[in-house]
Amino acid sequence: MAALTFDVDAESPVLAEGRRHAESAMAMTHQAFGPKVGVPRILQMLKDVGQPATFFIPGVTAERYPQMVEQVLESGHEIAHHSHTHRQAVHLTLDEERRDFDLAMKALGRFGITPKGHRAAMWQPSWQTPSLVAEFGLKYDSSLMDSDTPYLIETESGTVAELPPHWSLDDWEQYAFLPEPRLGEIIQSPTIVADMWINEIDAMRRHGSLFMLTCHPFLTGRAGRLEALRKVIETAADWGDVRFTTCESLADAALADPALVPAPLVPITVSEDLYPDY
Amino acid sequence: MAALTFDVDAESPVLAEGRRHAESAMAMTHQAFGPKVGVPRILQMLKDVGQPATFFIPGVTAERYPQMVEQVLESGHEIAHHSHTHRQAVHLTLDEERRDFDLAMKALGRFGITPKGHRAAMWQPSWQTPSLVAEFGLKYDSSLMDSDTPYLIETESGTVAELPPHWSLDDWEQYAFLPEPRLGEIIQSPTIVADMWINEIDAMRRHGSLFMLTCHPFLTGRAGRLEALRKVIETAADWGDVRFTTCESLADAALADPALVPAPLVPITVSEDLYPDY
Amino acid sequence: MAALTFDVDAESPVLAEGRRHAESAMAMTHQAFGPKVGVPRILQMLKDVGQPATFFIPGVTAERYPQMVEQVLESGHEIAHHSHTHRQAVHLTLDEERRDFDLAMKALGRFGITPKGHRAAMWQPSWQTPSLVAEFGLKYDSSLMDSDTPYLIETESGTVAELPPHWSLDDWEQYAFLPEPRLGEIIQSPTIVADMWINEIDAMRRHGSLFMLTCHPFLTGRAGRLEALRKVIETAADWGDVRFTTCESLADAALADPALVPAPLVPITVSEDLYPDY
Amino acid sequence: MAALTFDVDAESPVLAEGRRHAESAMAMTHQAFGPKVGVPRILQMLKDVGQPATFFIPGVTAERYPQMVEQVLESGHEIAHHSHTHRQAVHLTLDEERRDFDLAMKALGRFGITPKGHRAAMWQPSWQTPSLVAEFGLKYDSSLMDSDTPYLIETESGTVAELPPHWSLDDWEQYAFLPEPRLGEIIQSPTIVADMWINEIDAMRRHGSLFMLTCHPFLTGRAGRLEALRKVIETAADWGDVRFTTCESLADAALADPALVPAPLVPITVSEDLYPDY
């Protein structure tokens, strides 16, 4: 199992660190590279290799770059929910989170998109997020990390498939460098990253794991990194037993799998006696 | 000499940074991967390569994941003491440390486990820790770094073997990435890590050192990293002169070695005149 | 398209962090290596490989190292504007930025230099910077990151070509280490960096991108790094289809290209309702 | 030209961050590895490869580990001045720096050692340090970074040779990891480090530079790193044209070289008008 996902964050994660960062022309243009140059280039590459993908697009990014959304729509790839503002749900009240969730639904809706899945901004959902995902009629979430295969979460609003991502299958930790706000500090060679991901997908097929790769067009849209990603995809496709699918397909398969039993997501409770520091 | 050790920390090091982090579903599930997926996978790999290991399990983790403890017990590997809460002893009073130590003894005791050794959370013992280890009847500690061969510490409660670990033989520095709390910032390629550790164990056998490897199931339980560790073990085992043993065996050998003379652990005293800043 | 650029910062970025750092003989001599040793060595290497380059020199650096400026002038390479003090324009008022811009014009002017282009210190321009560049009669800027090919910015004072740089084509992130002020934390092997840049320029020629490399003589002037850069240049030159040119030539070509349509640089506006944190 | 230098810091740089760190048994034993295990191992390796070296030993370290000092003395290698407490001179008053300098002279003097050279703690001298070096009768300093060949500094107390070190030729940035105090964050593979240094010394001989390598026994005394250093030395020695010498020999040659003209070390002065932030 393998999925190629692209989080088209654009300016949103930078603004989530403080709207003052809109004053930085460098930071803003650095992020704008994603929808302006990265997405068209990634779409072409996906066409070259003939593989489907899922694009998680925050509402504010869809609103600022409607042409980019149309390009993705025309390409036939899946578009999914990635919050409206890219603020982290873990730091919002439930009301704030619901409002942000709803704004994103409406922003995508204006393009005729009914998202089937959701990924929390910065992979920082609240414990209530899966319930919200079900409440809004979506099938899956992709934010939690306690497995590397799909599983089912039972919520008061219905069952949701969880498609677990992981920091090690994300281009951000490898490539992001932005000094202010400090959103990344290391620039790794794409050669080393491609080698790491090829080894990972090889190990994952041995273990029956889900290779859930997360890339960001403002990062992987750069030429050398795009070619490194192309190499990862082509290498895995050549093995013959790795199949890249959209997240929606993965969710459908998980929801239809009789071997998967839905279970509630239970928050961790902590004793103040054992952990006195808040 | 070589020992494979696994610190099954799960949520404990994150909660030790502040119990508010229990509100982060990402951080909690990120850590839960260890006992849920990492440990069974590691146990299978150890069975494949036919090598023994030592699992250091904090008390709170044993209580939250009893099935995981049973799996390790059934596999025949050693289970040892790794504090109750994973708070750093260096920042506790002696009474707090003793209480935490005792809670961990009781938590393991409920599984019928009488630990023979101890490793301080975050390798941050107090100067009194070896004495506490002896007071509770354990044979060894594995937290201090002034040697790379076993040595003996004389305490007021008896002699304790010290089995020195080191940051360079730990998967945390290579793989851990968690933005909040900020418990790691780099994700290294497992290929490079395996190469580094193979070179290290090769150098260590030339120097008669103890290869004391520390891995964490929430990190090394990931597929590519597990395969990298498998390669390290298989490569060293193929040389023929490297023997992997449990920490308890190493401690027994050290305590029985007439060449090793117990000496007290003497705290460093510092002149306020030379170092005015506290 | 490819350009070799050298930002001869010397002490200026350190002093921009606070003039107290002038008290650090290490930090000051660390930076002085650039104009004293790095620049002559780089000029010799460029002569060896027979390629043109552009040197961005802050005004205060030109004033402190006049002999270095003369050496660059004699070599025939382009000299361009890099602010006077290397303070970040994003944190200055427009008046302060204009004054700093003007001081740099005068500092270079005393050498008979009329710069044709500008690069913002730390790639941190204000949204008004391109307008200022036009106001002072320059043709191009090299600070924004929303493309990897030249484009045209329409300002109230005329049209300016933008020649986009990027953090991944900068030696700072790979080599800079300075603990106080903390201006860099990693020292990468030049072998790995050369490999990364060779792969990048190769990918960029496939994508028709501009390989805009930024090096700093206080970093790349070191022997091993200089030889790594030489290897990058020689490798690309051997391919036959990569042409290294000055930034001025790139700007002239962009300004004369009928396919490029000037557009204003529009600042991002942010809703306080969506992003309450300033 | 090449010099192998070892800074036997032991606990001193940790205590310089605050004497409270003496409460950390991990940090203290981590540092004690240097004099206890690292130095004897390094001495044996130097004997194996038949090369001379210079050991910079802080006064407090000499006092705490007299046997280690005797071992270095017996081996015939040079012992030089590395401050008494490892506090950074840049943050001391001149009186405090002189007192610390004097305490170190006396500490070494009790072993019969008259140091011929000095290296500032953390390479953080004051602008007065070279003058102090001359005042105490030493011939050289090794702390400044504006060249990579020896040069001469004229002071009011006489002429001093400067033997420039650099962060890129230091094992600290590659290997040091200590979370509290935070004295290092990365653990690089010794294979990559050896490759980097071999390339560096190769480039340096082409440029006539001084390969001034700085290693720390608490870091490079570890087995895999020691073997990596051995490989660097053996590789360079095999070339035939690289000669390893003590710092004292380098200083003598520089002081006797008619081509080198002593010049004063001139502090940088900064205009408050240009750099308003202190």
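By written order: A, B, C and D. Residues from 1 in each chain.
Following the convention adopted for this analysis, contacts are C-beta pairs under 8 Å (C-beta built on N, C-alpha and C of every residue); 3 or more make two chains touch, one makes a residue touch a chain.
Protein identities per chain, from UniProt: A, B, C, D = Peptidoglycan/xylan/chitin deacetylase (PgdA/CDA1 family).
Quick caveat: nothing in here was measured; it's all calculated off a predicted structure.
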Checklist entry - What is the graph distance from chain B to chain C, where chains are linked when they touch? => result 2
Next on the checklist: For chain B and chain D, which third chains touch each of them?
Outcome noted: none
Item to check | Centroid comparison with chain D (C-alpha atoms), farthest chain | outcome: A
Checklist entry - With chain centres defined as C-alpha means, what is the inter-centre distance between chain A and chain D in Å? => result 48
Item to check | Intercentroid distance (Cα basis), chain D paired with chain C, Å | outcome: 34
Item to check | Junction residues of chain A, two or more chains touched | outcome: 185-186, 192
Checklist entry - Chain pairs in touch? => result A-B, A-C, B-D, C-D
Checklist entry - Which residues, counting only chain A, touch chain B once they are in their complex? => result 90, 120, 122-127, 129, 143-148, 166-168, 173-174, 185-186, 192-193, 195-196, 199-200, 202-204, 206-207, 209, 265, 267-270, 272, 274-275, 277-278
Checklist outcome for this item: Note: in the complex, chain C contacts chain D through residues 11, 15-20, 22-26, 28-30, 32-33, 36-37, 41, 60, 84-85, 87, 175, 177-180, 185-187, 189-192, 222-224, 226-228
